[in-house]
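Two complexes, one shared chain (chain A), two partners (chain B, chain C).
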Partner chain A sequence: MHAPASSAAPGIGQAIAFTVLSQLAGAAFLYFVLKAEGGWQIVGLLALLGAGFYLLERLPWITDYAMASMARVPLVTLATAAVVVLGFPFVVGSNTYVLHLLIVAQLYAVLALALNFQLGSANIPNFATGASYGIGAYVSALLAINFGLSFWLTLPLAALAATLFGFVIGIPSMRTRDTYLALVTIAFGVVVQQLLNNFDWTGGPNGLVGIPAPSLFGHSFADPLVVFGWKLPSQANFYYLSAALVVVAIITAHRLHGSRIGLAWNALRADEIAAKAQGINVAWYKVLAFAVDAFLAAFAGTIYAFYVSYISPDNFTFLVSVTIMTMVIVGGMDNIFGVIVGAFLLTILPEKLRAFADYRLLFFGVVIIGFLMIRPQGLFPQRMRRYGGEP
Partner chain B sequence: MAELLVQQLVNWITLGCIYALLAIGFSLIFGVLNVIHFSHGDVAMTAPFISLAMAQLLATAVGVSGPVWLIIAVLAAVLAVGIIGIVLDKVVIRRFRDAPAMMALVATVALGIVIRELIRHLYPQGSNPHAFPRLVSGVAFDVGTVPISWFALLVVLLTTALVALLFFFLKMTPLGLRIRAASEDRVVARMMGIRDTRVFRATFFIASAIGAIAGLLFASYAGVTRFDFGVMAGLLGFSAAVIGGLGSMPGAILGGLIIAGIEVLAQTFVPDGASYRLVFVFLLVIVVLIFRPAGLLGRPVMEKV
Partner chain C sequence: MSVLLKVENATMRFGGLVALNDVSFSIDKGSVLAVIGPNGAGKSTLFNVVTGVYRPTSGKVLFDGADITGRPSYEVVERGIGRTFQSSRLFSDLSVLDNVIIGMHTRTTTGVLDALFRPGKSRREMAACVEKAEALLKSGSGDLYEQRYRPAGALAQADRRRLEIARALASQPKLLLLDEPSVGMDETETQALIADIVRLCDVHPDLSVILIEHDMQVVDAFPDHVMCIDYGSRIAEGDFASVRANPRVQEAYLGKAAAHA
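Up next is the complex of A and B:
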């Protein structure tokens, strides 16, 4: 056992070395997973991941040590993270498939973070995140196609529309709970998806085609990105855009978690009646959780629509909402880092399981069930809130 | 108009019975384990495939086919699905009975994926739809000018018989008493010397076997079966159980009839209603749950302080 004394207060040099090296190791691991092909490589990397989590489970001081070192040198941590995120496309180079996976994973990370406000912080089930995601995508796409609005204008409008939808689902949440509430949200999700599938002006089952690529300062996102003489494929534009959205989502989540709203949500989760007795407006905070979820999900939906330039109701089914729920539960409820890891894992894993060809969905289902049985608290469970002073 | 009305009435009752049978399974399992078994629909829809495989096996191995053998194949499928239910409970679902509700829900959704994929891979050409015969054919009698098929009659009679049998079983037999006791309060039931493993086994067998009958009737009603029918069957059965009130048997039947009613109404009276039927069904679900948050016949949730 490593001396616990050092885990409580790592030296500054130690802390810097640890944060930089651990983040680089994480990025390298992600790179190898993305590059891996063939069944054995994937199985090997998965085994490595499993061993890592086993180690974390057996030696909990590692997590404490990591948290302490990152808290010790926050600027170094952020700088390393920024370098890793900004530099990743350069390492990947012209491999557009890997970039595509990263974009989708980042969008799912945003969706999972959005759902985390409800499922993680307040323990409110919501199977309609997929619907909010779809509303965001459709509203922005329709505005862009029919009225020629630019991407940057449709973004807030789509978010507004989805937030209204969030309020609409939130209202029944004041009366129902648990399984009954889960069904209400499932019902909303199915209704939205079915309407998108049937209306003429949404293109019906064929969806919407030809959503124009956004542009910024005269640079079209459909063109390759040229940075200091490096030429990156056009996907890099969307990679950076979705990375920016992830950063916004993380900041939002972090600030909300630290605010009175986040505390009120946690109080709701712990005991609704006790929360009510403390003067917390339970109904309002529940509805607010729905609205925040829908708001962020719509952002992800807008970027998705403009990125693939083609959307159909099949992209926003009940199973999409279930996948997002699974990401939050697998990653760890109410843990921002865990939720992001969960989103990346569950986006990349099914893609990589293509090595198992036709059996990948089967394998995916088995992995999820096995995971929930072995580690029900999620990869990174919620940490205790810390209030000021020394950790 | 009268003809249309009678015809739609028959459709409504047929479909309502099928949904009610599915909903009973959800309600029974929830009542005893407090777990939503979301893959119940998928379990139920394995029955048509098992009976098709069985009938083919009998036809090739024994060299016989015909109505008697079809009945044997169907009975074998019901039995097999009951056993599948027990196995799933033992391997997966039981482990989530004390977990947060949403975890069980997500785990059983994943289980549904696994079941569907297994059907797709194990059954020859499992990705394609397979024709499923009417279990009985022909016209029983006429109401005015509307012919009432034997099939509709079979569905109604079978459902009535099953429900009566289930009520008798739950109210009159020792095992039924134990199931009701465990559903009332599992901890107290254990203290009274009721082995909950046996209760779970019996519950899953009954729920899955009834689900299998519903699955067979559903495939027979549609005339076709596909590996992914379980998703919609599960969603509709679950909705029926919830708006009736989870854990309540009369509620499940009422819920099934209501869901089928709105579906048939939408198809008959709304222009282009067939494609919007799910919208109507789930809007109704939302409205019911806003006004009766614990379902129509469910026990209202008491807030304890």
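Up next is the complex of A and C:
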């Protein structure tokens, strides 16, 4: 691929070639990481990734060129992305472990996008995203087990319940800021987990068992998925479901980011007093960020509960919240693409580095400190908004 | 002419410190008031009381026929008071254009549900904002329009002051509060600023402006209504010539000995 050294607008042919090839290359890279076994393969792939980011950092025109290409042929970009996402399970085949990793990574991508409204857009350090995730999972599981509601009904109900919870944490949190706000959210996260652990009706530490698999048009998600004679393992159902949720999360993030709401969040991130002087109701916008975060996190929780069919308080610990926060910081605050990359990297890498499983919290700690020191803006920094199709 | 803003006996105490002491004044629609006084006299506190950053310990703020004493800032802005800050408070990691668009927050209506489910409405609103913002950036002195996609934090000092004014104007205020707009400007830039304010008042004959200024050149350009504050109290009010001649004003600026020398 021969690219011009300036950020001059690429020709249409070049743009198409670039978007298709770069997305295929990204998918191939993901495939090799997922398939990699043994430390050395992983180390080699990580080195390749590191070299890639080094290049992006040293040659900023690559990013500009990529953005310009994708903006030039948005339909081709979307179509390629759709083909890659839809086709991935066919390439993976019957490897259920890889599919499982992808489902978890996609759910984490949704959680990270949810937290990004707060941490990325509005600089609210919320350590309770794991709790919202858990509330979504428990509410939908309880509704399904006790009242026999279908998955599709529990999905919005759980989201509403978690949004209410978002308001409940959001409102008292408005009285605090920065570190104190972080402490309040940590406390909320711990309280929720302890409650789940101690109530009888949540199953206590044993959790909830036997959450029924969802079904759609008579097709149970517990059955293998057959497409045009191809038989995919039952995990593929949840793969596509969580992929759809990621799409919903991206659209939500994109629309809010591009509206006056995203701007208001950015304003209070930059300078709260100045934001007030522009007529922004700062307290309301902070609560709103909590609510949107909880809403999306609950969707992820619901899918998780129905996917694994067994949940316990251990799935929604403080560590989960820290993991989500790390994903946002590593990927790049307020950059949708970056946050998703962060979520995939930090879901898959710890799985591949099983030898260090006991040091997971240490790993996340080192990653956060390293990033905040070396590259505080994350792998993919926030980009200026452009209007009216200007480059 | 009708009164737009009326401050009645405003007193602001922070513990034992009296930042504003029983200050009363009013400003007519379409006029310019210059507020002068030494550093720490309470000028910025006055702005903070008017814009709802502080609730005055006692006294009242009446704006456009309504009592806005201690109302939250966002409501005050919505009612039509825009302001700039002494130490410029721009959203430095956002573009110049975004800064101005954020200034239109109270004049736009998209909520979360609109943004999510009626993206067309949200997009049209943003497009209209962009158009208005670009017009505002073009209208002042300097080349803010050409710099519209630069982060606000990268602007030169004079451009920052101009951008703050453009952002305040974006809220379509009836009353504009400018807190030392000429700080950090050189001679030419100050003249351009004066011309900007004069042009603004010509284009919007109903707009009232309160200026806090240390640069007497600027005050001299708007000499009709000047108020001097010292130690939180209003010590003189009138046209610039009479305020300048007032012995208490000279004392405040030059010290007792020099004033009587």
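Basically, the second predicted complex is superposed on the first by the 365 of 391 C-alpha atoms of A that agree within 3 Å, B and C clash if a C-alpha of one lies under 4 Å from a C-alpha of the other, contacts with A are read in each partner's own complex, and residues count from 1 in each chain.
The working rule: a contact is a pair of C-beta atoms (placed from the backbone, for glycine too) under 8 Å apart; a residue touches a chain by one contact, two chains touch by 3 or more.
Keep in mind that this is a model prediction, so the values were computed, not measured.
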Which superposed partner A:177 touches (first chain B, second chain C, both, neither): first
First, second, both or neither for A:44, with chain B first and chain C second: neither
Touching partner for A:186 - first (chain B), second (chain C), both, neither: first
Chain B versus chain C as contact partner of A:358, first or second or both or neither: first
First, second, both or neither for A:224, with chain B first and chain C second: neither
Partner with the higher number of touched chain A residues, chain C or chain B: B
First (chain B), second (chain C), both or neither touched by A:382: second
Partner chain in contact with A:273 - chain B first, chain C second, else both or neither: both
Which superposed partner A:93 touches (first chain B, second chain C, both, neither): neither
Residues of chain A that lie at the interface with chain B and also at the interface with chain C: 273
Partner chain A, residues of chain B touching it in the complex: 30, 36, 92, 95-96, 99-103, 105-107, 109-114, 117-118, 121, 231, 235, 238-239, 242, 246, 272, 275-276, 278-279, 282-283, 285-286, 289-290, 293-295, 301, 303-305
Interface residues, chain A side, partner chain C - complex: 252, 255-256, 258-261, 263-264, 266-267, 270-271, 273-282, 288, 292, 382, 384-388, 390
Chain C to chain A touching residues, read off their complex: 51, 53, 72-74, 77-78, 83, 85, 89-95, 97-98, 101-106, 108, 110-112, 114-116, 119, 122-123, 125-127, 129-130, 149, 151, 167, 171
Chain B-touching residues of chain A, taken from the complex the two chains share: 119, 123, 125, 172, 175-180, 182-184, 186-188, 190-191, 194-195, 197-198, 273, 318, 322, 325-326, 329, 358-359, 361-362, 364-366, 368-369, 372-373, 376
